[in-house]
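Across the two complexes that follow, chain A remains constant while its partner is chain B and subsequently chain C.
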Partner chain A sequence: MKRIKHLLGEAAYYIFILVVMAFFGLPLLWLVLTPFNARATLAVEIPQPFTLDNFQQVLNNTFAVRALVQNNMIIAVGAMLGVTLIATLSAYALSRARVPGSSQLTYILILFSSVVTGTAAMVPIFLIIFNLGLIDTYLGVIVVFIGGLLPAAIFIMRDFVEGIPRSYEESALVAGAAPSRVFLDVALPLIRPGMMVIAIWSFVQAWGSFLIPFILLRSPERMPASIAVYSFYTEAGTPNITLVAAYSLLYAIPVVILYLFVNWRYGFRFFGGIKR
Partner chain B sequence: MEQKPPILSWQSGALFLVPAFLFIAVFLLFPFVWIFYLSFTNQTLLGANAANPQFVGFENYARLFDFDSWLNRGQFGSALFITAQFVIGSALIGQVALGLALAIVFFRRKGILRELVYVLVIFAWIIPDVVVAFSWVAFLNRDEGTFNAILSRLGFGRPDWQLEHALLSVILFNTWRGTAFSMLLFSSALATIPPSYLETAEVAGASAFQKLRDILLPLLQGHILTDLILITLWTFNTFSIFLLTAGGPAYRTEVVSIYTYRIAFQFFDFGQGAAIAVVVMLINLALALIYLILLRRQSVYT
Partner chain C sequence: MSGIQLDRLSKHFGSVAAVDEVTLQIQDGEFFALLGPSGCGKTTTLRMIAGLEKATAGTIKIGDRDVTTLAPRERDIAMVFQDYALYPHMNLLDNIGYPLKVRGIPRAELQQRVTEAAQSLGIDHLLNRRPAQLSGGQQQRAAVARAIVHHAQVFLFDEPLSNLDAKLRVEARGFLKHLQRQVGVTTVYVTHDQAEAMALADHIAIMEQGKVVQMGPPLEVYHRPRTTFVASFLGSPPMNLLRGQLDLAARQVRVNNAAISLEQFRGWDRLVEHAQQNVNVVMGIRPEHLTIAQHEIPQSLTGEVYAIQPLGAESLVIVQIKGEPVSVRLFTDDTPQFSGRVWLAPDLQRVFFYHPDGELIA
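Right, the complex of A and B next:
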């Protein structure tokens, strides 16, 4: 009896895994196969005939290539640097200076940032950027990303800094090191893995985003890839399927590589688990 | 909590916090206050009302809550109703429940299958919005799409997902898109549970279900509530499904984030858009407060 129950349990386990893998994997399978197919199709099929010509054509579209390697890079790297630096400084202060209720403060901050977000928040933020004269500039997009990503970054970073023993910094202070030395030479090297995770997380967020650049940018030459992909539509508004797929794959690859790097180097997980 | 001597003096601490405070003030606190003011004006982007917006009292709100038409397709009430179904379907039932199930099923299991499932779920989460939208348009296509290819093989026919089951398809899409966060949160929470708890239960002969009900779920309560708050708010405000359906067909997937976008950034009626944003933010605040009260209550008892 117990043996049958165990077997049933194992069978249920494998069926569950099969269904989950199909659900999460199949929508992406099209993205991996279609760019290599000479025939346009919405079905998942082995490329027949196999070709690299789609990539050739995509790379000939200078507008779309510039969107990917220039505009997307500037926006994502800008957001990454800003978020990582500011979040590191403030998370360190929240953890190491005497800030009353810093844990509750960061929790309320992340909740509040989840309330003032999305299209609702874009109404006043658009007007702020408009009045600052930053509409249709990279800087405008970057500062909005920093403002939006900062609360979550501080939350994750503070958790990380809290997990680092204070004894190194304390003994450096006792040995007479200046506080700035303690931060730069003792604390920063210990925090660096956390900074890497925040850097990559913020890069990925800014890299893939559609709404913020869509609303804040105007000129075609500054559009990131999420908008430039529509240049592979015909004038009648129908997509050139193989080119859209090829460009989408190129657009997704940096994110996938960064994830695999973080996973291999640091392990992709939440430090300590988000809780109160 | 024990008193630890601070490593950073309060002066340096304050200095370190200045840049973060500036950004939070400009992009979080100020918008939240300003939007209340904007919602009482007829601010637009262009024309006379752009430079000199007039105070219009509750006019924007009156238009929003015009109860003769408010449940008609493309109106505010209808958008709220669709959002409620979308949040319950894709956030509560979809992401949180599926994420919890995945974390529990793979709890204390290692191996290639677990790694494979985790990688696929995480890819669905991190790949750019536009890319996943294209993949899903292909996936759900009536005649060629993979989903219907499987369904028809299993004898379920070929429903036109984008037309007949539009809301269900965006719920499936958003579940697919966001489950990774809950899965990762729960599996790192499970990893902090001391193995001795479960070993004791096993010695006492507890079944898998009993272990789940009496040990794992109670210990996860705080995490589940935190996850519920964040996922509910994020799902309420997500704009990604715009790329899949643009709110259509015939406004059937127009959640409030898309409705706000249409009023504020297609018609450039910022006053009206601000009124919508105020209502949306107040609903979000109320939801966050309910969860916070629940969280406080449960942390008193455990």
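Right, the complex of A and C next:
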């Protein structure tokens, strides 16, 4: 009796897992399968007949291709570099320098992070960028992304740096290294896993964003992919499903590659060496 | 090589005086231990010598140089941290060679010197491993190797053995002392383990709440603790401390209704002086200076056997006298056979008397 009850429990558990997996997995499966299907469909099905025509058509759309390989890259890589660099340096300073009130500062930072990129801030952001003369430039978009992502990035990085014992750096100082050398030789390699997390996160945020470039950019040749995807809609506003799916798949690939690369090269882990 | 002088060195964290006017002379080439309970300011003192902590007041001299305001790298010191702080992203060769690398020593010479240092510590076969792939004892040796590799003027150790198990600790104690004698570098060693300090050091300083309360060769401090704090800190088990009252007329001390004659006590005059104000004293006697007997003996205290601990070459008998434990050390090969009521006679040449607030009287 108890055994049956146990089996039923197991079964219920696996059914629950299956449902959750299907909920998250099916859209992904649809995204992978539909671009190879000649027939437009919203169902998940084996492509029938199988075709690469959709990709052919997408690649012929120079506006959409430029959006992806040029505009999106410039914006996302720019935001990624800016956020990672500034967040690392400021988090390091906030964690290691004895500045009175630095912990309050970091808590104010999180507060700000939810405000700056929120929809409510769009008008002031537009006005600032307009007055800076950066409307319709990559730089304007990148600066807004950096400003918006930085507070959260600093906050996460500071926590990460805080988790690294100071004795690593202190032992390098005593060994005879100048502070800049200590940062490069010892601190930087130790916080690199944290930097990788911030880099990927900020890249993904900028890569997938719609609202900010939509507001700050004018010229079609600077629009990123999130906006260019509308070129696969008909005049009447109905999407060409197979083309949208093919373009979306191409749109998703760089993020996946970036993740795999970082995981292979650095790994999202922290190699301990301090005896606790 | 050079000695170290601390002159009224203080460190305040806000309103807390972590180190309070510490004055110390550490001789060239000696092994010096800073000993004290947790939070007494040992680490802070050491970190000020290293330059990792800024002194609030006072001066630090290494050799003839006043280094009080110098950066760590200008002090020519080496330090072993309690957690070893081996860089996890470098192998042992690069870890041990790091002090040489920052000094711009060419790679070939660096490798040779690292290998020499590693050989002297028996870890030269591990040089291409990362710290995470080493045992605790090997990591500890690697940290020491990194400290000796660049021939610094001063070695600083902050509880370098506290992460090792008891057996490794005794072993590491041996090689640290041997190594220090070999290289002859002035060494400051922080520990809260009195046995470690006694075993290693030429001189020890005992700290209490940021102040040095006594300094001297270990045996001198052990045999003549200047306060009850020092007495109760050194030795395992530490000195027995018993409250008593002086009786000047009878020339004796009463401890728990037992009266012990002080006819032959060396410091009677000072006790008389003390007793003019206050007849209360604390009597201190080391466990090895008590004689125990199953029958009544003259000049003795009496109590009940509480526990017997055979330790091999010696044994401890814990006797309860009016609820207070008193330890007796016996150097016998057999388990001592005591039970019930016993009598303890102190060796009057080895007894100390302290003021109730801790100061040594005689």
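What we mean here is this: the second predicted complex is superposed on the first by the 242 of 276 C-alpha atoms of A that agree within 3 Å, B and C clash if a C-alpha of one lies under 4 Å from a C-alpha of the other, contacts with A are read in each partner's own complex, and residues count from 1 in each chain.
Rule of thumb we're sticking to: a contact is a pair of C-beta atoms (placed from the backbone, for glycine too) under 8 Å apart; a residue touches a chain by one contact, two chains touch by 3 or more.
Only a predicted model underlies this, so the values are computations on that prediction, with no experimental measurement involved.
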| item | value |
| --- | --- |
| First, second, both or neither for A:181, with chain B first and chain C second | second |
| Contacts of A:202 with chain B and chain C, given as first, second, both or neither | neither |
| Which partner reaches more residues of chain A (counting touched residues only), chain B or chain C | B |
| Partner chain in contact with A:190 - chain B first, chain C second, else both or neither | second |
| Which of chain B and chain C A:90 touches, first, second, both or neither | first |
| Which superposed partner A:54 touches (first chain B, second chain C, both, neither) | neither |
| Chain B versus chain C as contact partner of A:16, first or second or both or neither | first |
| Which superposed partner A:170 touches (first chain B, second chain C, both, neither) | both |
| Touching both chain B and chain C, residues of chain A | 170, 173, 271-276 |
| Complex interface listing, chain A residues touching chain B | 9, 13, 16-17, 20-31, 34, 41-44, 85-87, 89-90, 92-94, 96-99, 109-128, 130, 143-144, 146-148, 150-151, 154, 166, 169-170, 173, 179, 182-183, 204, 207-211, 215, 225-226, 229, 239, 241, 244-245, 248-249, 251-252, 255-256, 259, 268-276 |
| Touching residues (chain side chain C, partner chain A) in the complex | 50-52, 71-73, 77-79, 81-89, 98-99, 102-103, 130-132, 136, 139, 146, 150, 156, 163 |
| Chain B residues touching chain A - in the complex, by the definition given at the top | 4, 6-10, 12-14, 16-17, 19-21, 23-24, 26-28, 30-32, 34-35, 38, 43, 45, 101-102, 105, 113, 116-117, 120-124, 126-132, 134-139, 141, 143-147, 149-150, 176, 179, 184-185, 187-189, 191-192, 208, 222-223, 226-227, 229-230, 233-234, 236-240, 243, 256-258, 260-261, 264-265, 270, 273-274, 276-277, 280-281, 284-285, 288, 292, 295, 299 |
| Touching residues (chain side chain A, partner chain C) in the complex | 165, 167-168, 170-178, 181, 185-186, 189-190, 271-276 |
